[in-house]
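Please go over the structures that come below.
Each of the two complexes below includes chain A, the first together with chain B, the second together with chain C.
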Partner chain A sequence: MPDRVHDLSPLPATGGAAPATARHGALTLTENDGLALASLALRRGGAQPAPFGLTLPGPGGWAAQGEISAFWTGPDQWMIEGHRLAGMDFAARVAAEASGASVTEQTDGFAAFEIRSSAGEAPILALLAKLVNIDPANLASGRAARTGLHHMSVFVIRRAPDHLAVAGMRSAAGTLWHVLETAVARLDAAAA
Partner chain B sequence: MTRLSGGLIDRSRTLRFSFNGQALTGHPGDTLASALMANGVLLVGRSFKYHRPRGIFTAGSEEPNALVEIGSGARAEPNTRATVVELFDGLQARSQNHVGSLKRDLLAVNDWFSPFFAAGFYYKTFMWPQKFWEKFYEPAIRHAAGLGRLSGEPDPDAYDKGFLHCDLLVIGGGAAGLAAALTAARTGARVILADEDFRLGGRFLAETHPLDDAPATDWIAGAEAELSSLPNLRIMRRTTVYGVFDSGVYGALERVSDHLPGPAKLRQTLWRITARRAVLAAGATERHIPFANNDRPGVMLAGALRAYANRYAVAPAERVAIFTNNDDGHRTALDLLGKDVAVAGVIDSRAGAQAQGDYPLFAGATVTDSKGRHGLRAVEVTANGRAEWLDCGALGVSGGWNPNVHLASHHRGRPVWDEAAQVFLPPPDGPEGLFVAGAAAGHGSTAAALRSGAEAARDALAGLGLDVSLPDLPRTEDAGLNLHPLWHVPGKGRAWVDFQNDVTVKDIALSYLENMRPVEHLKRWTTLGMATDQGKTANVTALAVMAELTGQTIPQTGTTIFRPPYTPVALSALGGGDNGGHFKPRRLTPTHQWAAAQGAVFVEVGQWMRAQYFPRAGESHWRETVDREVLATRKGVGICDVTTLGKVDVQGADAGEFLNRVYANAMGSLKVGMVRYGLMLREDGVVWDDGTCARLADTHYVVTTTTANAGTIYRHMEFCRQCLWPELDVQLISTTDAWAQIAVAGPNARRLLERIVDGFDLSNEAFPFMACASLTICGGLRARLFRISFSGELAYEIAVPARYGNALMARLVEIGADLGATPYGTEALGVMRIEKGHAAGNELNGQTTAQMLGLGRMVSTKKDSIGAVMSRREGLASERRVLVGLEPVDPARPVVAGAHLFADGAEQNTDTDQGWITSGAHSPHLGHAIGLGFLDNGAARMGEMIVAANPLQGQTVKVRVTSPHFIDPEGERLRA
Partner chain C sequence: MLIPHPLLGPRDAQEFFCLGSASLLDRPDGMSDGAQAAFHDYVYLRDNPAGVHRELWFHEQGDRSWLVVTRNTLTHEILGAELARDVALRAKGGAA
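Coming up: the complex of A and B.
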């Protein structure tokens, strides 16, 4: 359920009137302003829940089911993603699905960027090599990792062979956008 | 000089370029050096110290002489080796290190004064008068010496970085490297083949001997075709692996577009390659044999002469001679003859040498001198005491080949001397996982290099559990060098060992006489092996000369050790590409857009950009703005974005106990719906951080930290949770960015907030000082409200999801106009906290205790916490300095932070020092300057007049000691 209708307008993390988007060659980069996030951590000895019927993934994993997905962030810890659910109190919904666990609202803790390829996984792999020091072989579809990117801590999620997501701290969204957009544009320039 | 036949250049296309403004042409496949040579340009630069004319000496990255400046304006790049610059249309090159024209360099006068520039000259000369050094001698020497000049402008090009991972990294694409790559790639292993050249093949490209009866280029083409078809192999041309770092990490510089005309979108990429194994197939560098005046343009390495003839179809002169101590020199003579270049003779130092073709042979002879002002005209050949002059326009010198062991010793392994081959071989204790093959391992013949490359790949991959079968390798030459050592030709003239640094045999002899004999001293005394080439053509020869002088063997004399980078890497590339505003991450507050639209002046606070103050039209000085913001807050209501303060969400059954241990004061006893000020100590008992802690529910707290310590405190808390007390049920996560937090302070704060909350009772009774609650605002937006005050006023902090922060800020200012709602920045924030006597970063500087802050009682004795015990140790407990307020006796005088405090009339020195001023500001509320400081026995000295001394500015101000609470000391305002 969405929040009661209030009259304050949200601002995308990159600060523009609309979420940022860019396309260079086969790659499209989009600010995912609709992504809701809530952290879920088990209480000591607590049972692992299956919020929204989703089996929570193991270390390094990402799993999705419908509008909900989750990735592992540490022992007994996950980040739950609600796609196109940023407009509501997502943490409350997650908490209701995971009684006894510690749930914290993280939606605006991060700015998420979705990178999709129209030419299969090759451009995604080439981009990964320019962004993060992770062996692409260890970041196959369904994998997620926390790593360093341009002196920032980010989550990189391989949602599909041709789809990568990068989430970093919201306050640095402008820097993260610059880094991603520059890398995507350079790949296109190199391919040209 | 016209072109020779053959070669690997594309004669169907012509490229135009210029050298010192002269229009010249070349072909694709040329380097700048080969194209210059093809245009008859032999003189390309001036030497480092003596400004001697210098030419092209090598055909590779080891080049010591042919350093030129490429490009113009901000893109001008000095000290570029012409031998590795791939020719492109429109290339502009200039010679460097001369005053006046290259041919008539005025500083060539240095050569006449060469006795003054001997080894260590700058340690010995210019000693008197001493004060001349900084102002005169050093600038003069710096002007005269050095090579190229930087543009002095910011680098306009784009650089990039990247990360690659592989099973096997093959360094070098010559015979050994290609064999290794083929062997490994056929197993399916992930292989990267990197080569510094723009064309694969290495020495193959410079040689004429066949592989399986066909030209080597045919075999390379076949190998390249196969390699290109394998998805598990990545070929990286124009990529120099310049260093071996820890844990199988290799640094590589890819010159993405240096070979293309015009500015490109990306110039170079710095790659960090993580390789499980690596094969070093970097080949070998030919060494020369120093003789008198051996530095004239036209004197070159013999193998380079061969490379120019075979690969680039060019010779530096129509008539050349060869000086050698091994069979490889003869190979050069034969190849040149095959290209119809006249060979004036082969001067072979070996007495029993035989001619291998139709050329004059001078067996048992040496070259003892040379002639030619701007280029070689003749060499003096001496045999059996008889000297004769031999006319030639170029001389190829071959003293044997030094394996390129550099990368193998990047982890400090010392190369090992092979007496039979007279070379240094790679150290047995080189970097883990690095296997050396081919000429780099001393396997110099083509057949041996191919074989050893394949075997190295097999051995490397065996360690990864991969079963490798060796490929069928082509039949080819397998000749040895039959080298007889000759390290230099003794004689009277100057014989250069290190061309780039103008180090001669005499300089080494002088070093020996002056007892600078260990190689490390030799290097520093003479500058041997420094600068862009790092002595690739000089170091081993210099060692051998020193060994001869000391009567020791070469290994007894020492070895050189190599460090990254193998060849120069631009700082821009090492910097990773981003500069200026994007050099580091920039964090913006949720209200940044609104503040920018108001014309706020921003200040960097760590990575954050915070609004410092909001100037209005007509305000001419920042103080005017800040005073207005402070007074408006104290009179009406001020609004400030305080999102940057760290926020940590703490949950779990043991959250209270956890916080009891982290905070010096008790948090477990905090009532739900209330906030408490908290103090965190370091392990050593000194104050680390302060902030508020709110209890939202029985098992749910929110900790706030200072902006500066947001990251470190969160990390510390995670350490405590994971490592110190894993038995506690507690979960942590940062929510700093998730919530926009806005301070609303001033007597009208409640009235303003009443206009946005959704039916929430803000009365003092329902929501007293230090209360907190979750609520909704503006018709349903979830929010958190904290009644806390940094300014000393009736104040709240309201938090909403960050995306709504901008709109909330605008709303508060808009609907609060009649209440005097005024945005304020960090300056006003700072003034108000000083007026209130609240400690901040200036006070919490890592040296202050709770006691000094007047907060000693906050360190609870009813429970243990981090730092509590240590805070009671004698050294800290006996600390007498405490926080006081300070105001100038003369209200017109300033109070300057950093000034030290002394008793009035006392001598001012460290013994009489009684403390210091931590913070100072103009208080618009009081109308004069105020300050906070730590003063010896301060609590007992209220009203006393003391002196604040600021010797840096020659300032002494009489100040009166007061309470640190300049405003509302009873706290009535904030409880109103």
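Coming up: the complex of A and C.
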């Protein structure tokens, strides 16, 4: 028997005691360990629900209302986000709001990183051009896409003109952090 | 090469996986008479045209939908793309 009680507080996906954070120039990169995720898929012919009063967005869209937001992930499929709700049974809450649809817990499958700009949208556009092979015009505010980044599949969400979020496999959280931090740092070095 | 995704607009072909001929959608009925011969033709006797070809493409690093992409195999020109689900439902008689 161990002679002491271990620290049982949950670790962020990057493994440190606190969520990883980095700042380079105008861009601040922060691990979002409070983001709850649940996928929502319609059964064939099922009616589209409006969980928490949120109108689910169309293809490539992202919509937010209070602490809940959602982005389109495929035909009749969405990912529902609960901000600062990772500590609760989020999927059960979503399922209660979407009767007849299939809801699956995804919080523990993903690691999310928020990138905010203190100098408007220009640094975000420059970073997007480095990160993903998608026309930044197709990733305007309120748009989201699933695409490839360093051979990983990621969700890229434009929450605001000066705010980008990237969510990827939690098991690759360290790799994803390295990719994002390197890109942000190089962008700052190139601008200097 | 860009694939004109019917829902998401032009996307890089690297996000996709190409399965092959869209004739794979027309799977024979395994319970019918002559099913063995029909499956032999279905599995082994594929057309491999030099020119316009309809192919199944999977948007693996994207929305994970299957598309039927019409492509010219000689020039790599993409002539169109639609959701394979729409194509299959239309073939079954339009029931949505």
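Annotations
One rule holds in what follows: the second predicted complex is superposed on the first by the 184 of 192 C-alpha atoms of A that agree within 3 Å, B and C clash if a C-alpha of one lies under 4 Å from a C-alpha of the other, contacts with A are read in each partner's own complex, and residues count from 1 in each chain.
Basically, a residue touches a chain if its C-beta (ideal position, glycine included) is under 8 Å from a C-beta of that chain, and two chains touch if they have at least 3 such contacts.
Quick caveat: nothing in here was measured; it's all calculated off a predicted structure.
Shared-chain residue A:170: touches chain B; no touch with chain C.
When the two complexes are overlaid on their common chain A, residue A:148 makes contact with chain C while staying clear of chain B.
By the document's definition of touching, neither partner reaches A:48: not chain B, not chain C. Taking chain A as the reference chain, the count of touched residues is higher for B when chain B and chain C are set side by side.
When the two structures are aligned on the shared chain, A:189 is found in touch with chain B, with no touch to chain C. By the document's definition of touching, neither partner reaches A:118: not chain B, not chain C. By the touch criterion stated above, A:59 is placed in contact with chain C alone, chain B being left untouched.
In the superposed model, A:99 lies in contact with neither chain B nor chain C. Shared contact residues of chain A with chain B and chain C: 45, 77, 133-135. Of all the residues in chain B, the ones that touch chain A in their complex are 158, 160-165, 190, 256, 264-266, 272, 274, 578, 582, 584-590, 592-593, 607-608, 643, 649, 651-654, 728-729, 731, 733-740, 776-782, 800-808, 811.
Interface residues of chain C facing chain A in the complex, by the touch rule stated above, are 7-12, 14-15, 60-65, 83, 85, 96.
By the touch criterion stated above, chain A contacts chain B in their complex at residues 3-13, 15, 33, 39, 41-45, 77, 86, 89, 102, 104-110, 129-130, 132-137, 150-152, 169-176, 178-179, 183, 185-186, 189-190. Those residues of chain A whose C-beta lies close enough to touch chain C in the complex are 45, 59-60, 72-75, 77, 133-135, 138, 145-148, 153.
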